[in-house]
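Chain nomenclature is as follows: A, B, C and D, assigned in order of appearance, with residue numbering initiated at 1 for each chain independently.
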Amino acid sequence: MAEEKKGRAVATKTAASIPKFVRGNLAATLKAKEEGKKVAYAYIADGQDEIMRAMDIVPAWGESFAGVCAAKRDAEKYLQKAESDNFSRSLCTYATCTIGFDMVREELGGGAVPDAPWGGMGRPDMILGSAQLLCDPRFKWPQATQHYLRDVPVFVGSMYYPPFDPKMDHHEQEKFYVKYATEELRECVKFCEKHTGKKMDWDRLAQIVELSDRTWDLFIDTYELRKAFPTPMDTGDAMNTMVPLTFNLGTQEAYDFYKQLYDELQQKIANGEGVADPEKYRLIWAAGLPSWFALGDFQYFNSKGAVFPVEVTYRGCEKIERLELPKTNDPLEHIAWRWVRYWTHWYDKARKRPGSLPKVERIIEYIEEYKCDGVVFHSAFSCRSWHAGIIHQAETLKKVYREIPILILEGDIVDISSYNEADTHNRIDAFIEAVDSYKKRMN
Amino acid sequence: MINYFAGVDIGSTMTKVVIYGEGIRAMIIGPTGPEHRKLANKVMEEALIQAHLKFEDLSYIIATGYGRINVPFADRQVTEITCHAKGLHSLLPTVKTVVDIGGQDSKGIKIKDGRVVSFVMNDKCAAGTGRFIEIMADSLGVPLNDMGRLSLTADKPAMISSTCTVFAEHEVTNQLSGGETLPNLVAGIHESVATRVASLVKKLNIEPDVAITGGGAKNIGLVKALEKKLGCPVLIPPEPLITGALGAAILAKEIFEKYTKEGQVPERSKSGLQEAKFFD
Amino acid sequence: MAELRDEKGLAKAERYYTDYGVRARELKAEGKKIIGYISALCPVEVLTAAGVVPFRLKGNVNEAITKGDAYMETIVCPFVRSVFDSAIKGKFNFIDGMVLPHQCDSLDRTSDVWRDYLNLPYFHFLNAPHVTDDPSIEFMKELLKLFIKTLEEYTGKKITDEDLKQAIAKHNENRRLMRGLYELRKVNPPLISGVEMIKVLIAAMGLPVDESNKLITEVIDEVKARAIPSNGLKKRIMIIGDQIDSVDIMDAIEGAGAYLVMDDISVGSKMYWQDIDTDKEPLQAIAERYLRKLKIPTNFVDTGGTYEDNLNARFGHMRRYIEEFKVDGAILFIYKYCDPYGFEVPAIKSYIESAGVPVLYLEDEYSTSTIARMKTRIEAFLEMMA
Amino acid sequence: MAFFLGIDVGSGYTKAVVCEDTSLRSYSIIPSGGDYRKAALESSENALKKINISMSDISNTIATGYGAAIVDFARQTLSDISCHAIGINYLFPSVRTVIDIGAQYSRAIHLDSEGRIVNFIMNEKCAGGSGKFLQVTARILQMDIKDLGRLSLTSEKPVEFTTACAVFAESEAVSRISEGALPADIVAGIHKAMSSKIIVLATRVGLVPDYAVTGGGAKDIGLVRAIEKELKTNTFVAQEPQITAALGAAIFASSR
């Protein structure tokens, strides 16, 4: 079944170096043993990146590995393996794919798995989960993994942000949310100290946090270059270029990567180089993880003259100054504030527009700033976290903003079994026609 | 004196009756009509004729299958899962995993010493069932009987991307007009069903020997495709359609004998073989 | 309704079950505020202390989800979709407000949908944590304070510590009584059937706590008066899952020839097994009960010890039920698209099986449309155990 | 004076429409079968023959629908969503929501006052609730599909269907019949089940009146009434609703 689909040809040179990053991350988990380092199963956007980096813990990202399996169209064997022990197909397929892989690796004695995509992941020494945001699998998945890796200790921390309520001021609440998140991060440090036998070097942590802040800023500066006409890079590439921010936060490599990307985009803008020729329609990818096995669909959009100068997905950061973070000398408290504000800094805006939602405000702002003519959502059936509530976002957008064309594609992140290319292309065709008539109407 | 027992399997597509004395005395297979009860009578009558017996000669009758509650003359109802396991075990005692592909559902059953230890059933979707193949055969104009043979001559099974039976039907006819060969399409159809069935039964930790029963086992192309997907050889009982009915009959015998051993008489159904009335 | 006034115990429960919400509607007419809630994670004590009527929302397994699907994705668990569908169709038009605790993604990610489309005068999303360590308890207390504040603003009435203590006492009494009723399932055959039991459970969750206490007391008296039956021959089954709140599946189990003697479901024992400590400060005690004592898969438990220890901490109560209620087989019934329960299936299954009790795992819709297939599986399971 | 041809190759039926400038002159509907190209040719020829013209008289041809890509004699293809929009706007300019019930797909399209698409939505991976149900029902009841609608209107107690699968609806209907359910109640039950699925789509594009029902399903008066009941308002249905997209294609052809 491992019929390898040709990955999407990336538009930028810098994005072409991403496979190296991903391979490097996987290889690091396999090499860690030799280097005397500990490997931790980790989950993105849990706020624990810098802690791991500061303690030389090598993160092993199931979300990345499962994405690789999906992109190589080689996930089915692991999904089936998990299913053979009664994990339902409706559960997060990042999780079930990775658990299936864990099961296979355990059967082989815990070492390397010969036919695993890109060598697979190394056996972890610990699992660092996180409860509440962003999703249930972030704490149920570690627990479920322990069923197969019984000796591996599990930590589950907790990172919360205040829920949006149009009638309630969230600023009051932020304080106790941050306090809680800080304490939970401290628990994480304690757990890591216990299982690595090392003490946290707090100065080093502070430096790494500072580096991440700069990476956040640089990332946004780089991505905002995409406002140019024609846009020098679209979401098809962004699904690759998100890797350093998402999986390598707190490393110099990540920072350098965006520096390089920044330079390249500037160059392309100077040359007037775009993604589609000519660029006829600008779309926003307004929510949803992509179907990793069908990234080629972005090219299909491009072939119709449609580009995505902006996406919400994997834009997991913001310019630090826009977050107005309170001063603190505690790097953990800083992470906590940064994390909470990342979510809540849209709230005041959303409250000002009756009936709106923070997620919708964000989409509106991007539509305006990146001059978009249409909105695409992807609804992946196995992940409720990002994909339940999309209908409501779309409805709200239409209600509080304007009747802009919206396409909701349905699929999955890893499970290819319900994907149909012809069908998807048909839908895209019809949507582009709708965008076309919208543009005519707006002029 | 020999005691005779009957098993009646009212499937979604086929109705099967087996009469069992010392060995199989009769087996009849007929299509399931909407009026289960009437049909059960008819098939039973035929079976009695074949066995040269009268209804009164039957000591105990078990009904199974999807329409099992619609057999008024049966003395007991037992699910097809138990009956398939029982029937199969009597025919192929080494089998530990049974795949049953019927008209409306597919199942995987694990057995140990002739008893069910675990099982899985498919969802309420026609994909991955015998019905899928029937519909495809119909729209390709290939007799169901020929599907298996035809697919064995395929050089490269066609890829059928729709799971939905309705969508797949169109996909198949399109591919046919697009020049895809009939054998490749039929093989593709079998692969599609085999993939679904395999992922269903893989939920049970498959242990050899593996056997296939139900109407799907009549289709050699499907069996081959399934072997490929499961990665192991699959045994086929001599008449796979009757496995459930046979299991029911054997179970009837066992129950009857258990009672008589304890000096008791099992309770029997009061309804004779008269035709049931529907629209009064 | 004069002719109904004499109705007692099971008959009353039957009516409250069949016409779910009938009593809440009457109370509403009397001027009471009715606050709907979802999940066993909602601290009903706080609602009682606020002087409003807590009313647990349920879906309708007999009705296809139609209207709700226009607002909510089908990747949300079918139970939540069904409740929302009922709500948007106006089946709960007597509720004044709603509390949605953060149990799982299906609830969390749809909280805006509930708030914006039902448009109730009162709506609160209780952002309960999943982790249960000390900082989490402190955090939960902050959330409870916020919850209380919103209720006070809504009702215009202060909630004092004394109010909370009284409410705690009443709900502890409610739990004690219900456990007493469960006791009557221990004999063989049980004095009360699983079908009757679920009706009582549903009826009870739609009543103010005092009325619920009275109802349970009546049922206990009625059931206790039944003749002690002769020795039962059927298998004794326990059902495990989240909100299984209709008789249909219970009926399917008992109809297939088994006794349903115990449950670990969120309208059943999960609600009634753990009391709130009365010797602690009320908020602390409430936080501890809902985070640490409540046995739901969204409360993360890790003992820091071995995996076996963790399993005992998570599922040990089920083994105790198996012993106390002499359970022969367990049915694990999980709704599709439910991550919290779904990820536990292998662990629960092997844990229970290692106690020598077979487990039937069913993953299905929240709908009677699949009941025939369920029955076949349940019957086969019983045949398997025979 | 010029002739324009619009061809809608649907998954169930192929429809050809000939317009003289922007007036409808003739049309033809034939089952698509397996060979879309053949169906497109045949239906076009049928339609041309009716008004005694030939392919060479056609100034422009636009193909649409599921099999549009195979129609090599068309100058251009346009998605059936757009064609429906054009067709409906031509027929009923006040319509803002189009509900199209085809053989496999149902969709809802929201139009602006100039008939341009604002948004659309269609059923995804499962044919549950599609026009296929009607075909299945007609076959089981051994009736002509044309007569389902009227029969349905006589029902007093529609059967509740428990399956959403277009394939198993057949066996469910069969067993309901054997339990004594009246054919009228079966059909009405199918209509009810379909309409509640369709309303979800319509709600999601916004429920803006006026409404039109198109596609082959719109020929079924029982289904249309069931939809109207859910919408609580009347809908526009063209005399021949099945050709809406083909008509739209022909009109579009005339504008090029």
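In this section, a residue touches a chain if its C-beta (ideal position, glycine included) is under 8 Å from a C-beta of that chain, and two chains touch if they have at least 3 such contacts.
Note that the structure is predicted; figures quoted are calculated from it, not measured.
Novice: Looking at A-D and A-B, which one has the bigger number of contacting C-beta pairs?
Specialist: A-D
Novice: Taking the mean of the C-alpha atoms as each chain's centre, how many Å separate chain B from chain C?
Specialist: 40
Novice: Could you tell me the distance, in whole angstrom, between the mean C-alpha positions of chain A and chain B?
Specialist: Centre separation, chain A to chain B: 47 Å.
Novice: Measuring centre to centre with CA averages, how many angstrom lie between chain C and chain D?
Specialist: Chain centres of chain C and chain D, defined by C-alpha means, are spaced 46 Å apart.
Novice: Would you please write down the residue numbers of chain B that are in contact with two or more other chains?
Specialist: Residues 124, 163, 167 of chain B touch two or more partner chains.
Novice: At least two partner chains per residue is the criterion; list those residues in chain D.
Specialist: Expected reply: 66, 125, 163-164, 204.
Novice: Which chain C residues touch at least two other chains?
Specialist: Where chain C meets two or more other chains at a single residue, that happens at 70-71, 369-370.
Novice: Considering only which chains touch which, how would you classify the arrangement: line, ring, star, complete or other?
Specialist: complete
Novice: Sort out for me which residues of chain B touch chain A in the complex.
Specialist: My answer: residues 161-163, 167, 199, 202-205.
Novice: Chain A touches which residues of chain C in the complex?
Specialist: Counting only chain C, the residues touching chain A are 70-73, 75-76, 102, 104-106, 109-113, 115-116, 123, 125, 127, 129-131, 133, 135-136, 138-139, 142, 146, 150, 297-298, 300, 302, 304, 306-307, 310, 334, 336-340, 342-347, 349-350, 361, 363.
Novice: In the complex, go through chain D and note every residue touching chain C.
Specialist: These residues of chain D touch chain C: 162-164, 193, 196-197, 199-200, 203-204.
Novice: Which positions of chain A touch chain C when the two form their complex?
Specialist: 85-88, 90-92, 95, 131-132, 135-137, 139-141, 143-144, 146-147, 150-151, 153-158, 160, 162-165, 168, 173, 176-177, 180, 183-184, 187, 355, 357, 379-385, 387-392, 395-396
Novice: Touching chain D in the complex: which residues of chain C?
Specialist: Where chain C meets chain D, its residues are 64, 66-67, 69-71, 367-370.
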